[in-house]
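Chain IDs A, B, C, D, E and F follow the sequence of writing; residue 1 opens each chain.
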């Protein structure tokens, strides 16, 4: 029920199909490869963040992108991608927001298990909810996390509840995942407390600083992480915190810092993740378009998503 | 226990005394005229807001202001003003934040009833809490509200809970105040739903649009509102939503619009309110320094506070 | 064929109906009061301008406005307003663009003569085309112009063709209008060559500088202009060049200057024009959202349009 | 020796003649009405300022202005105005800079006494030097100052030497002028220490706050100041500190504040001053183009200068 | 007829000689190595662009550059470089603009064949005209193109005429060049339609994506392209589209994207091109100073030009 | 006399102890490892600079940094670091400023010789003063300079006195250091006059351009410079001019250019310098927070300081 044929050389907004509630119900989901949805929640951020505006901003920026990836000679339009709109949020009760996110992922997995969910956050607190939702739908699966981030996100939930500083710890402490099934790539600088590093070590979280990753090659580092995860888990969930990028590349990520990743490194890392058959879901978080400069970060966010989809097409087997 | 004498010609940051918890306990409160405190909560805003950063920004901007008001030939340093720091907030439980704010005002009124509290918000949701705190400490008092705002703030709490769109309705529906004891001055344009106007009419809320106020004179309009309130209530609470200002004057107020108040009109309105003996508390809300241009809105926020204190000195009787 | 009932308290984007080509054909035009359309042409500007982006920017900003005008206690949703989308433009042949604009207005008048057209420019060159299109559809009508502008727009077409500096002269020299049927309000400062003023005098163009208008009252000046025009013409066309506003109020108008009109003066002028039964069409030009600061100018542009519609509802007879 | 006739309808940069050292020597100064020169010194500012970049910025902005003042129906090109370039400054010895400025004005008065000097600052410290230079050339004259400023500029030179906070006191204490011959219009808010007001009172400095001036009319206030000065002095020197403007109108004036003058009030004040035969020199100071927003302040600065020249043409007798 | 000797250690604006029409006629062109000229046309851009302002912006920025290249120990002042000013443009007839550009290059080649032309665009549509002008003057020459760009610029002229998306196709289809004589280096990402890649393949256009170029080394890639071109063509024309740069490096290039070239890579690529004896002309396009951040892109544009001139001095034979 | 124990996981502002004059006197300096102080002088800059605001801006930004360096697994809080506040400056007498800076360093070395001074500038003129102060306290020492800069800073003092373009020449010509004991790393582009390069060669100044340094590795280049210096001098003074960074990485350094160093290269260079036992002092200059974009440069400045301290802890022997 795609209403009309794609134009030749479509732009991304002409290719991705936006569904409203009605059309979502009548869709033939068997043909859908990827399901996008927005999670416009950032009032759970420790510092002020307008990442709630990101899903809208990404959608607006789609029109600046072709579906054709010239580097890889791949046309994304061979994938069928639908956009379900945003998960409903509450203004003053963050726990309702979080419940809604869990349910949204659970429902999606139950009703449309063959599509790859891609969530447009929101802040990083949503990742804990999205993975919990997955777990609810697939209680038998062991889930691993590939995290690209400047931060561990291992803060204690006792301090301020399930903020954007806590998702990985939240998942570990709730028994949703094992610490050893987390691979964080991109940490650097003076932006993680020592105690979080100690917690990571105790919990068995794997991490590779950006400096270490560059010595080996960021791409190879990602590949190794995926290979190791593959041996232990059923599903790998990819989470991209845009603040992993250098502040010059991502002025619109509230916590981006000097010394971070370059955008081409991130595109390649995400594409490689997309290639791996076990990577079954992805999110992109902590992008605040209100602070952006010349839309550079928003454009980079779209590019990250499209790089993931490129990899997905390149997937073998 | 002011540690040392003021310098001649003090700047505002040299005059206002910052207290930590320890020094607050040992202070001789009998000499304190005004108590400032920050309420860094804006995750309760309907739209993304960094108004949580405002208390810090106002304090940083104090050093650009003398204590001497040349227009009125009044030196603010004759008042003793202390800054208690910020009311503690929670990151993911907004109801805890709101409880803390209620308790802070209640405690302040119980322990230091002779000082005038001035709250640096935060978003407008805090006003409901501050007035509830006052009511808890003074259950016998009838409280009126003088609100300077582009909006009614009469949205239903059933929609999204106690957001920044609801404080006045919150106060009316909780029985804290009577609708007829609210005077809103500054409404204009296309920024209030028709149903809110109808609610206002039903609840007896008084309001004067900016256009009407200018015909009579904003200053005279304020004076008349105060006079009418005075006949019915014991305490008038002044709440200044910075978005009452024109967007050119207040680019850092997330919801400021074209067609709003000019800054000198607001300074005068607030000074007149400060002169009235029944005006016993004030707040300033919805100023997001992250969106400001050349700190214009932050400087205007400081000027509003100092204009209120000028009026307070001019108070007769 | 409005697909579903309006929500209570609609926002402007929920109220204005966007038509595609198909739905425009099947619409029952008898019920349509106002027809919006975009004219995204600014490559005809003397100086670099991104006013072509304005129609999109205005539409994006609609969601920040209620349909209810509190100042006038009028709900715009009693009008039926449709948005026809943009007149098709050519990238490298400006004369084709101009022809398209003429034809668009002509067709609209021929097919849907009972709706009021409101054009979202684009630069000021489009006004000549829109009025010519009107004239083609209504050759028997005498058309007057109420122009709110910092400039005469009386430059010679021999210099650079039909640029944004020429529309009024274009209309006079093409015999579309008489010079004496032009009323320009808002001129000020050092932004018009002396020879243009002399041309205006020779052609009998009426003009009132902002300084003169303020002495009498901008609102009264507009009313008098309308009354005088009414005695001579059948149709008054209102054209609003956003650079009539002060540069502080309209940073996004490429040619705005210090010393211009304040936004509330403009809102009132346009509302009064909207009230007049002879004012049968309107455009808004020279707003470049790429240069805007905090979207102030775009929001002001929306407010101007809504003020005109407010006046239209207030129209008597 | 004007090289070629002016074009019809010249822009300001086509009209003002730029001289180099050689052409300045051979000029027939008898025909010169006004002499512009830049004073690119701002390292003498108390706070960081890039006002040294202002002369260049003003010259660049000339091309956006016609010579024709439509409000007054006056063409500035009837005046002959030359631009002598900048007074040479030293980077690390501010006293040399100040000496150069004194000498520049003295030389100009000695060699070309019939032209009106207009200085483009620079910060306000230069005013003391320019007036001293005038006094050196005209020791017999009594000089009065018309100052449009948010500040008294009466700080003690003992604190930090001849900064931009001191020029008026510098002139009084050096015996160059009498305190009673200073008229300051535009003071407002919390931006002057009480002791400076007391100094002003003791020294007999006349001042009218912006609030007082608006009650009477800024234009009438200026006229009265000029009339009173005229009775006592031979020469009135007009000094315009751009921070007298509201921060929304002059974001590029480092010390502009909310609550200041509007640009049209300033244009009118300066034009009236220009009309007075005793006003024989003018400067414009404290405009930092590096902080400007959309060049609004720079354009306003040009407009101020042109308003003064308009008044000069309107001068009677 | 250079009027006076260069100062020691000249800045670029002191070294490059600006000619007006008169001085251009009397110049001894035999000594001129390089001729700069501006092509201020960007109304032919698909998206809104202020690249017409670039020639002026580059000239203003010259004063921030020394003539001495420390990396290469080369002083540019050994070259004689003149600036002819801008090619005259029309405001509303783009075909006249394009004809003027063709004629300008043709005339320059006919009258001053020994100087290297360097054009400061303008948008990329001008490249087709400049190369056509060269071809008219040198009909016997085979011309190759070295293009540094994020885009193919192979769009069909049937869509919108000779826009900035078409210059290479324009040259191929007009028979000015052969498809195989085009080398495009720097393509990347999702910014070219698949059909354009197919056209490139059919036309035999050579291209190396940025990713491929980096594997081999951007410098070596450029050298190989030049060597291959050298074997087939008489003249190589270098065209630099500033949007080949990463959006962080070139915020002022309207179509710059994340994942683009770094500025030092571009400087080196252009310097190497400058060294090659067959590279006889250059242009720099698609730089919009109105969108720049801190003048970074403008400074980069100047650096690109100076890097080319450095290479030219290093040219052997 | 550290008033209270550090919190677990301190932020930088909780770790660095701010002293006032009183507490500085009673401190037990034997335990102090590093002494920070601000040098808020930038009126000695050739071009307008607000680097005087940098010490305050760095201190404000500390709260965004943890004391834990994850890359190196080092916790800075094992060092005791105090902040002495700012060296007193004069507004209009730059020579007094410079004398104060000399005396401040001399006094620090005489009274607290076991701490490492780290100066937060200010512009580069202060480096000459700081090194002179060191020399006064340690006349017997031979001092070497490791300079990371885009510029030589070898301009003649005869031109404009001790500006920010002269510190290295100042030190050489005053006999404070030998030319051969200067190592400048990071020079690039067109930003140094040829005569300065010749002066450097004559004076024996060592320099490695950024291009050369990258060929060998910036880190290895720094190590070699340190090793060579170590053989000749007693003390190595590290001076970091933030304009060595690329303009994309350091928009807030007034003289940053395209083609400069990346932030991670600078962090590593400075860390390596910090490791060397002969590096006994450091400064960071030419960072103007007023021109910064999203605080990127200020955050980078803090990171540079912390990288140096990381190295210091890693120091062996």
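For the reader, a short list of remarks on this structure follows.
Quick note on the criterion: contacts are C-beta pairs under 8 Å (C-beta built on N, C-alpha and C of every residue); 3 or more make two chains touch, one makes a residue touch a chain.
No experiment lies behind these values; they were computed from the predicted model shown.
The set of chains touching chain A and also touching chain F is given as E.
In terms of the stated touch criterion, the partners common to chain B and chain E are A, C, listed by label. Comparing the CA-atom centres of all chains against that of chain F, the greatest distance is found for C. Checking C-E, D-F or B-C against A-F, more than half of the residue-numbered contact pairs recur only at B-C.
With centres defined as mean CA coordinates, chain B is found 40 Å away from chain A. Chain D and chain E, compared by their mean Cα positions, are separated by 45 Å. Under the contact definition stated at the top, the residues of chain A that touch 2 or more other chains are 248, 291, 293. If you check each pair of chains against the touch rule, the ones that pass are A-B, A-E, A-F, B-C, B-D, C-D, C-E, D-F, E-F. By the touch rule above, chain D contacts chain C in their complex via residues 8-9, 12, 65-71, 73, 75-76, 248-249, 263-264, 267, 293-294, 296, 299-300, 303, 306.
Residue ranges on chain B touching chain A, taken from their complex, read 42-46, 48-50, 52-53, 90-95, 125, 159-163, 288, 290-291.
Of all residues in chain F, those touching chain E in their complex are 187-197, 209-211, 246-248, 251, 257-259, 291, 293.
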